[in-house]
Amino acid sequence: MSVTAPQLQSPRERRASLQASRSERYARMVEIRLMEERVLALFGEGLIPGTTHTSQGQEAVCVGIAAATRPTDTVACTYRGHGMALSLGVTREAVLGEILGRQIGCMGGLGGSMHLSDPRVGLLPTFAIVGAGIPIGAGAALTAQVLGNDDVAVSVFGDGASNIGAFHEGLNLASIWKLPVVFVCENNQYGEYTRIDRTTPVADIAVRAASYGIPGEVVDGQDIDAVEETVGRVVARARRGDGPTLVEAKTYRYAGHSRSDKATYRPAGELDQWLERDPITLFGEKLVAEGALDRARLEEIKAQAASDLERTLEVVLASPPPTEQQMMAPPTATGR
Amino acid sequence: MAKLRMNQAIALALAEEMERDDHVIVLGEDIAEAEGSFKTSEGLLKRFGPNRVRDTPISEMGFMGLSVGAAATGLRPVVEIMFIEFLGVALDQLATEAALMHFLSGRKLTVPLTVRASVGSGLGFGCQHSQTLERWLLGAPGLKVAVASGARSAYGLTKAAVRDDDPVVVLEPRPLYGRREDFEPGEDAVISLGTGELLAQGTDVTIVALGQTVATALAGAEEAGWSADVIDLRTVQPWDRELVRASVAKTGRLVTVEENQFTAGWGSDVVSDVAANCHGDLSAPPLRLTAPDVPVPYGTALEQRYLPSAEYLADQVGLLLKTGTCPRPWWEGQ
Amino acid sequence: MSVTAPQLQSPRERRASLQASRSERYARMVEIRLMEERVLALFGEGLIPGTTHTSQGQEAVCVGIAAATRPTDTVACTYRGHGMALSLGVTREAVLGEILGRQIGCMGGLGGSMHLSDPRVGLLPTFAIVGAGIPIGAGAALTAQVLGNDDVAVSVFGDGASNIGAFHEGLNLASIWKLPVVFVCENNQYGEYTRIDRTTPVADIAVRAASYGIPGEVVDGQDIDAVEETVGRVVARARRGDGPTLVEAKTYRYAGHSRSDKATYRPAGELDQWLERDPITLFGEKLVAEGALDRARLEEIKAQAASDLERTLEVVLASPPPTEQQMMAPPTATGR
Amino acid sequence: MAKLRMNQAIALALAEEMERDDHVIVLGEDIAEAEGSFKTSEGLLKRFGPNRVRDTPISEMGFMGLSVGAAATGLRPVVEIMFIEFLGVALDQLATEAALMHFLSGRKLTVPLTVRASVGSGLGFGCQHSQTLERWLLGAPGLKVAVASGARSAYGLTKAAVRDDDPVVVLEPRPLYGRREDFEPGEDAVISLGTGELLAQGTDVTIVALGQTVATALAGAEEAGWSADVIDLRTVQPWDRELVRASVAKTGRLVTVEENQFTAGWGSDVVSDVAANCHGDLSAPPLRLTAPDVPVPYGTALEQRYLPSAEYLADQVGLLLKTGTCPRPWWEGQ
């Protein structure tokens, strides 16, 4: 019995299986980790244009959010969005293909690493301008509120983004209109090469919720169950019509900010400390302790993910880059 | 037929579109209870209720962003930016997010967003509340920009914008809000975005105008000793290249009348297109009539000096016809 | 003995006399009140182009700030700035002249009611874009910090402005750099025609200071002594190098938002309640109670202010509007 | 003589100006400890310390605003905007506050602010990190805009900007940061803002280029069967109208080479000026070579297709000379 054959699954199916099964969540975290590591390697090989922002170490946050929401909910997230896209169900081919600039990518290879999306699982095009997605996510919640359905939206952003105006305006608007939106700050301790405490005078970004009269919560971003529980609870609150919440997930990115950044600005030992609480290891141990999976199974999942990734990469590399004609299609929906 | 002020025509267009499609919502500062600083949303709150007609905090970046997200997920929001200058705190959401989102979604999402903003000089508001600033938006792939020249075109453009599946900015010259125009509202009044309108026909010169300067162009052409094709561009992005070129092919001369300062106004793009495509047709150099390259002055008297007037237009075109060269702008005579 | 003959005083002298004398502060508040009332009347007569924003009822805030600072300090304030300009020492001729669009105005009549300034008393051109002056004021504090002098800056803005991004970014920056700046929110209960509670989910804007790890204080904006004490104390703190403070002055504008706004959106009785705590009456009574002035003197001050205003108006109306040549001067300092 | 990469030339210019005047400070995201995302502030923190070299939070509106206030009160701040697109969240502070503050102070305050921003395509960053966007700034009274075309002009323009008493934006094409150029640093290398430079002389056509396209223009002109005046505009606001007009008076033909999309690029203003002022001199219509009106594609291969290349330039100019009419852009052949 193989874990899954995700390449055969549609995004909706990938999402459903993740939501249904804890072991699938584990597998997805592994999938993300391996994909991100491979992306960095591919960047080193010159196969990825421009830049790319990976999320190793932060897998529990995105998978936890995907587990706590449904595909009709909307997610606005950032350029550091490969993991979120995979979590929500976007296929590996669509993600890796886009990062590599191939037609098989989710926008045909014309957008790139910073711009992943799939409306079928609620993923808005990921945002390359810091903070831009915060109010836009809240706008999806406005749609739900105006139409009177019970969808919610999740705006995901970094610690650094909490210092930009769009954060302030987005949270304030969501509060006064009681929009069904959850704001998740992935506090990975750094904005580019600068430690959060050099730009942000509060220890917990969650305290900023008080400025908007909404609840603020801190959650251990390395513990997927904690993320799912917290996000799930405040998503339910939003769905009930009780308004927005700010959730701060404390986490860490293992790699540098982008492309070839070696993150030499980090104090010695910091990475090691975080590696001790690796979200995949923690979750794996827990699943074993619970008796849900045994260690051999964990290894099988990893092996499966590795071979799935290889197959994905083959498929992606066989896909051509977009054509001149594709580039020249009008950028408007109406063609004018 | 209805004789409406421009602000009434806009409120009527919004009400009709809200009636027609309950995905249309309107939001902005003081647009609900106060019915808009310029009374362009009169009656909407009462008729459509607070779920669809919303007063916002002073957070242009925020509510523009919300509207982009709402548009991408199924609504058709109409956002009011009270004065175009306030786009300076929200441009990212419009020019970088809304404009590119259809493209960035692999062409799967649409962003049927309408942004309305008041523009222009003539009411004495001073240099930060008197510009037209369409130049901030020109050249942005994915964005359409229309400019009303009175009640009729405001009505037709607003309806077209709300129905369009792309982000459309409709600019409304403030001094026209209170001016009445007779026209027939209804489906036939909806304007196809991207098309200009030939308002007068003549043989000597093609005058291209936009917004407030349409009236200037018509007035200037009326009493003159020459005759002109007068075109209301109506949409400045994309603009009606065919209409302008065809007219210049006939008249052999082009004059743009612009409310903006001289450097890099929308007229430069029109002139540049005509220069490239109608070179052989041009019997005189193309002429741009604009405001000078200084900030809009306070006070309506100097403002009138600042803007190109109908008399100035008549004189300048007369000189162009007589000499076959571009007359210098008034401020170079100094 | 006449109160003063302010028309003969330079802006610096007007500032110095206000800072030196409580009765002069009283006189200045009266001057502002009468000027603002006259401005509204002149608007009604068609003598003021465009729009104008008056500050009757808020006199204690601006005069209190002027009393608590010195002319080498910088003040960034809003289009509702006639009172602030007069408080800081700008002459009546310069203020009224600008509002009426005359050459005698502080920018030669080319700027208008929303754009008053006088660098000699630290007043930056008042800001017509909501929130713009908040970080710009902090920038003046950056100058003081970089140059190592002990000047401070005061950024003054409205309640409505506390929902705009520039507020968030400006306060955060000031905090992390410990800039010598005081942020004063004139909470006059309304942003244009909308009550603060419909746009702002917190009862006190001062609580937002916590988002930036700085002190937040609420002060009675109708009590000039309280304003002076509070602003003076936190200005001193900033001068010492101990960083920024957010001060919220609760106040009320008696007139509408601008030009001919009749403020019919206000609940019946609200204005009357505030009128009971009129800042000029309160301060006058206090001065009388203290024995500093007697009632006759208060009346004299008012009469003097009224006649000074008449004289100012005469002078201003005799001043021509700016010329075409003045309009055509290049907007750059270098002339290119 | 020094052979420097463009980023080194910028760091050198900044260091020299900071040495020369201790009112010069630099600030931006990751410019101090990390020495700039593109290493344009290498060595500055070490040399001038954290009081004058400051890392900011991600708050472009905020730190641009701080810089405007600092400039108005005595400092000469140099702000880095990492990618020009980020101006979309800070435009108000630059175009509405900084640009107008000298005017608004009754001409009493000066705002010696320098804003540096990286621009352009060619490195595969995708559509929101690859534009030039000088169009957001063109036409703003009070603002100067310069564009570097290599190490030498980056050095000269940066020094000029820092010394200028008005707000100046210096745009730096990203692909040039790593490219070396030989030049003599020092006082003589400072460029007078507003002046273009004639880089090659010829008789058949005047080619006006800016930023990255200067190299394209020179390369295209080199092997061609025609000869050209090649002008590096250097400052796009105000731009050197005299230099361009004089050249066109000589050559009779004008071609602009622009990195931006076709609609409303800076070249439209150049063409429009020349069309008005050199009408009689033009023996062929003015031609604009630009990118097409679609978003910048991801990936360097398509990006190269997207941008006007030297070969395209050579071909198009050849056609212009041969036919006396504007050849159609490559995308209209499709």
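Remarks
Just so it is clear, A, B, C and D label the chains in written order, and each chain counts residues from 1 on its own.
In this text, contacts are C-beta pairs under 8 Å (C-beta built on N, C-alpha and C of every residue); 3 or more make two chains touch, one makes a residue touch a chain.
In this text, all values refer to a predicted model and were calculated from it rather than measured experimentally.
Each chain's centre was taken as the mean of its CA atoms, and the one lying most distant from subunit B is A.
For the pairs C-D and A-D, the count of C-beta pairs in contact is higher at C-D.
A separation of 40 Å divides the Cα centre of subunit C from that of subunit D. As a whole-number value, the distance joining the C-alpha centres of subunit A and subunit C reads 47 Å. Computed from the mean C-alpha positions, the centre of subunit B lies at a distance of 29 Å from the centre of subunit D. Centroid to centroid, with C-alpha atoms defining each point, subunit A and subunit D lie 36 Å apart.
Counting partner chains per residue, subunit D shows two or more touched chains at residues 56-57, 59, 61-62, 85-86, 88-89, 92-93, 96, 100, 103-104, 127-128, 141-142, 238, 294-295.
The set of subunit A residues touching two or more other chains comprises 110-111, 115, 129, 163-166, 168-169, 172, 176, 198-200, 329, 331. The touching residues of subunit C, when paired with subunit A in their complex, are 163-169, 172, 175-176, 198-202, 207-208, 210-214.
Contacts from subunit C toward subunit B in the complex involve residues 49-51, 101, 109-115, 128-131, 160-161, 163-166, 191-194, 198-200, 265, 321-322, 324-325, 327-331.
Looking at the complex, you find that subunit B touches subunit D at residues 61, 85-86, 88-89, 91-93, 95-96, 100, 103-104, 127-128, 135-136, 138-139, 141-142, 237-238, 260-261, 263-269, 271-272, 274-277, 279-280, 282, 284-288, 293-295, 325-326.
Partner subunit C is touched in their complex by these residues of subunit B: 29-30, 33-34, 37, 55-62, 85-86, 88-89, 123-129, 292, 294-295, 297-302, 305-306, 331, 334. Those residues of subunit A whose C-beta lies close enough to touch subunit B in the complex are 74, 76, 106-108, 110-111, 115, 117-119, 124-125, 127, 129, 132, 134-147, 153, 165-166, 168-170, 172-173, 176-177, 329, 331-334, 336.
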